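Below, subunit A partners subunit B and then partners subunit C, in two separate complexes.
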Partner chain A sequence: MDTFVMRHLPALLIAVPLLAAFLMPIVGGAGRVVRNAWVVLGALATSAVGLALAWKVLAAGTVLYVFGAAAPHVPLPMDSGGIPIRIIFQVDALSALMVVIASLSSLGITIYSLAAESRQSGLETFYAMLFLLVAGVLGMVSTGDLFNFFVFLEISSLAGAALVAYRVDNGVAVEAGLKYALLSTLGALAVLTAIGILIGQYNALNLATLASRMQFTTLDKIALVLLAVPLAMKCGAVPMHFWTPDAYATAPSSVTAFLVVSSQASLYGLFRILFSLYGDLVHFSWATFGWFLIVLGVLSMFVGVTMAIPQKDVKRLMAYHAVSQTGYMLLGVGVGLAVLGNADALAQYGKTAMAGGLFHIINHAMYKGLLFLTAGAVFYRTGTRNLNKLGGLGHDMPWTMVFFMIGALAIAGVPPFNGFASKLLIYESVFRFSPFLSIVAMIVSILTLASFVKVFHSMFLGPRRAEFAAVREVPVPMLAGMALLAVFVVAAGLAPQPFVDRLIQPAVEALVDRAGYIAAILGGN
Partner chain B sequence: MDLFQTLQTGAGAWNPLLWLVALAVGLGVALAIRSRGRKDFREGAGRKPFISGNEEPENAGGHVPASNLYWGFLESLKSYYARVVPLHTGIPTDYVAWLLGVMALMLVVVLVV
Partner chain C sequence: MTSRLLLALPFFTVVVLIVLGLAVMLSKRNVVKILMGLSLMESAVNLFLVATGYRHDSVAPIYTNVPAGPMALPTVQALTLTSIVIGVATSAMLLSFAMVIYRKYGTTDIQKIKKLKG
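After this line comes the complex of A and B, so read on.
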């Protein structure tokens, strides 16, 4: 049984959340207790499968899984003519990193939502959509098939749009959901067009096969733009970030926290396309797309943080910070891509910059998820997100305040929290590439700290307000969900090097090793 | 101790354990200074805060709302905000235009370079 489960972990990674989602309407009819038990079971099982798969990958190397094959670990059956004809999941160290992020986040967020959404109706639909969103994200980061990636991108987009519109909120949430759906659909259409171009030329959908046959023709260049730009939009890069504050602010906080992970899955897709599919080609100018990421990163960092400072809606403010933090990831990995053709620069600082960018992905998922959950806790008790109307909540919500402080100090890059560790890697490595870019990154961190000092002051400091006299601490499940993410924020800050050694560095190596990615499917090297 | 090993950045290093020790030493110094303060101080009547000679506002009246914070920062960047904020129109067709615009720009760059 144990061997069977371990052999089929990649299939279970998708099957478990899909099963949890599809049975939710039936189980939900049996009452609140049974539904909540099913939700917890689904979240625990999904996370356990995800973490087990990541452990297997990090211990033994890339895991391949061919769907529907008699031997799921053999990508090229004898009768296939050397072509991977089935859908293949190719879970390498980079995928494992993303699976860990999605597994930990989804567990904390689901536990939190049990209490946070308990007053809402239609929870069967809510949880069905949440599990679909989780399945979509896990599929995006695990698949080695470009069309399959598109399918999971669509699943996550549609489930995400439905969840953004879940609290109708006089139409405001529906409008935000519609915007998210519109942009996601347009982006997905561009991705689908690119897939059409590539299959028309190379008669393949498998990423490794496409990478091995890539000629970098004019059509390939067009396909590259059609893939890269929509994925940059989906991860909230400036100047395509406009949907982010709308969607993040109006969605329930548990949903917003996982939308952050969903955006990061798009970021994963962007990196996968640039490095594994198009990277390492003699015809390809690494610097061009490296600087594409760097420019998007710097714009995102600066515009995101400066737009956050004047905001009065706490979730809108945090949404702009999500845009800003995505900039750090783009900057770090962009510097790595820009020097991909220069072995010395790559060894001296390029890989460190990439490690900083990838480490920031997992750190950001945890502390930004935590911050959105604390904002949700404040909304749960006060019914408002308006910072001008809040104040004095630290007296009655001390645990929420402590969790907020941990998240706020982490996002501002204050030691000893995890945000500092990844930002330090980015600052010092990017400085060797361009001191100006590093200085911009540091200034953005200072502005981030200033912005969260404002939020801390506005929500938690000051005397008790009469209108919040009945406010008390949020229920235990909400605190437990926040605590799970907070523990990671502190642990990764106090012991960053083990995370870098065991989780981040293998992901960096997987990203730059295009030949290895191809060889895992097609053999040879 | 292996857990708290030094983070290597390529150009520098950071040890969280050393940082925690430094923090503990700093807190110790702060507590030592605090312990030298007046021991007869007690909160209560007759010990109102001094607010530039003004009376202490009633209850929540003393809490500065979020909109009043960083006024100087926003004022000094007024011309920047006057350009950037209007770009955030909230109109979906504008969002689409930005997406298509970036796509067109990248297409030109990739085809030319």
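After this line comes the complex of A and C, so read on.
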């Protein structure tokens, strides 16, 4: 399998979506059919490269790619003098997990957009931005270079903000875009300052090299804060969640579904920095930062769900639930970080908690994406997102209703859907760490179920309404996009074990194994 | 002593610029002025990056007529260039947002741009 393509997969992972994005305005000139074909081709190629890369990583271990070197898989080429001077992509099992999420989700949402956005103008720009967002997210999760991470963070923020504001004729969309872009830029500046602090001290940008040289000075701690706080903000953790409902609610639904993935890429960045860059067992106060994640997680879970319940705008409601679900991931991985120094506790429940948190990332991307797509489908036919005005849609949109039910039951953690599989891992492991936290997590799940029962009732049940007499089921591409995500939600719920064994456990091991992360670049132990 | 002060001067400037930028962003109500504050902070961070790249007694890595002695690693300069380019893109987008908001809302006052709530 050592073909040219297989060898250059990490480069193609970025090159394919970028090419699809930048040729879009030219291809778009050739008419609607050609443009749609190009969109589908770009999405299929990106996902194929992503899944092939993930498969390679899970089969054969970490994949390295040194840009611009004669032999890209050798981390330290002869001419580099023993230090990684080039940009290196370091795709380990954790990155592979994120690449799988982005690949599946981007394919689903692109197919969905073909029909959902067909009535809008300026579609070349829309798709170009969508592919840029995908490229940004894929770059963030696979790079092994801190500055490169900043660049991809900015690419995804810029493309994300442009897409949030895409429906310009609607003033509120631009307001949300401005808020999102302003906060993202401010956060990115903090990240850049931290990068300056680190390179000033250690003359390196490569994460593994920085980790091996890390001295844990006061400056390093300042840099950690400057890295962790913006990334926690970008993943929508309470108390820095205020941009999420605005951005998620006003963006086109397919974009919202991918903004969820982009938030999770920031979550990945946060975990990577805490574990691989700073997670030294001697100097690092892992318990403090574990509790930092746990407190963020519990706050997000609880505040998110309580804010969601009174919402009338269905997408705003779902956005608050997204904040709440992010809390589960922070809680699971936070418990793992809190017991990182205690080998017994780590083996007994720490790794299970982390597996639950990481499994929840992929599950959340799928069911939350699905829910946003169903909300978009309802908006596509009815033109409103107000729950008080909707009703009786179950008669005419049966498939959308079924997909909504799958997503809603999954987010509430009802078996046999995937949300239950990951939440169960979190409940049982967190219970052994602290029963109180586990009970909070369960209560939040019950509130989530209550909230979605209300949404289901007010959108789909009841008699047919006169104003929605013309409502029909949405076009096939939208159903196909939703079906892709729904199939994963059901499959990972019915048979979670293969996913946990093949995809999640290796990711947990990669996250805990800081020495292995360093050794992959610098060699030895 | 003087030379040490001189070496620290860029970092003092960085701190002053960041504080100024933050103060502008937090105190002004006009969106355009807030974006100017952001731009000021961007410049401060760029200056910070370049300042960390200075190494005493080393020369610029230009190989024509090179004097003897060690060369400074030009990575931070490259980073700063990238960061400036990103900054231009961000500013352009944010300013165009401000323009659209002025057209739709008839104001640039951040206190009055509040249709999204709850």
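Points to keep in mind about this one:
Quick note on the criterion: the second predicted complex is superposed on the first by the 521 of 525 C-alpha atoms of A that agree within 3 Å, B and C clash if a C-alpha of one lies under 4 Å from a C-alpha of the other, contacts with A are read in each partner's own complex, and residues count from 1 in each chain.
The rule is simple: contacts are C-beta pairs under 8 Å (C-beta built on N, C-alpha and C of every residue); 3 or more make two chains touch, one makes a residue touch a chain.
Worth saying up front: this structure is predicted, and the values here are computed from it rather than measured.
In this superposed model built on subunit A, subunit B and subunit C occupy separate space and fit side by side. Once the two complexes are overlaid on the shared chain, A:L373 sits clear of subunit B and of subunit C alike.
When the shared chain is aligned, subunit B and subunit C each come close enough to touch A:L186. When the shared chain is aligned, subunit B and subunit C each come close enough to touch A:D246. Of the two partner chains, subunit B and subunit C are each touched by A:L178.
Residue contacts after overlaying the shared chain place A:I199 against subunit C, while subunit B stays out of touching range. In the superposed pair of complexes, A:L330 makes contact with neither subunit B nor subunit C. Looking at the shared chain after the overlay, A:S458 reaches subunit B, while subunit C stays out of its contact range. Within the superposed three-chain model, A:S429 lies in touch with subunit B and out of touch with subunit C [touch as defined at top]. Using the contact criterion defined above for the overlaid structures, shared-chain residue A:V225 touches subunit B, although it does not reach subunit C. Of the two partners subunit B and subunit C, more residues of subunit A are touched by B.
Following the chain A superposition, subunit B and subunit C show a smallest Cα-Cα distance of 5 angstrom.
Across the superposed pair, subunit B and subunit C both touch subunit A at residues 178-179, 182, 186, 245-246, 310. If you check the complex, the residues on subunit C that touch subunit A are 25, 31, 34-35, 38, 41-42, 45, 48-49, 52, 73, 75-76, 79, 82-83, 86, 89-90, 93-94, 97-98, 100-101, 104-105, 113, 115-116, 118.
On subunit A, the positions that touch subunit B within their shared complex are 178-179, 182-183, 186-187, 190, 218, 221-222, 224-226, 228-230, 232-233, 239-240, 242-243, 245-246, 285, 288, 292, 303, 306-307, 309-310, 312, 348-349, 352, 387-388, 390-392, 415-416, 421, 424-425, 428-429, 431-432, 450, 454-455, 457-458, 461-466, 493-498, 500.
Residues of subunit A that touch subunit C in their complex: 147, 151, 154, 158, 161-162, 165, 168, 171-172, 174-179, 181-182, 185-186, 189, 192-193, 195-197, 199-200, 203, 205, 245-246, 249-250, 310-311, 316.
Listing the residues of subunit B that touch subunit A in their complex gives 2-12, 14, 16, 19-20, 23, 59-60, 62-67, 69-70, 73-74, 77, 80-81, 84-85, 87-90, 92, 94-96, 98-99, 101-103, 106-107, 109-111, 113.
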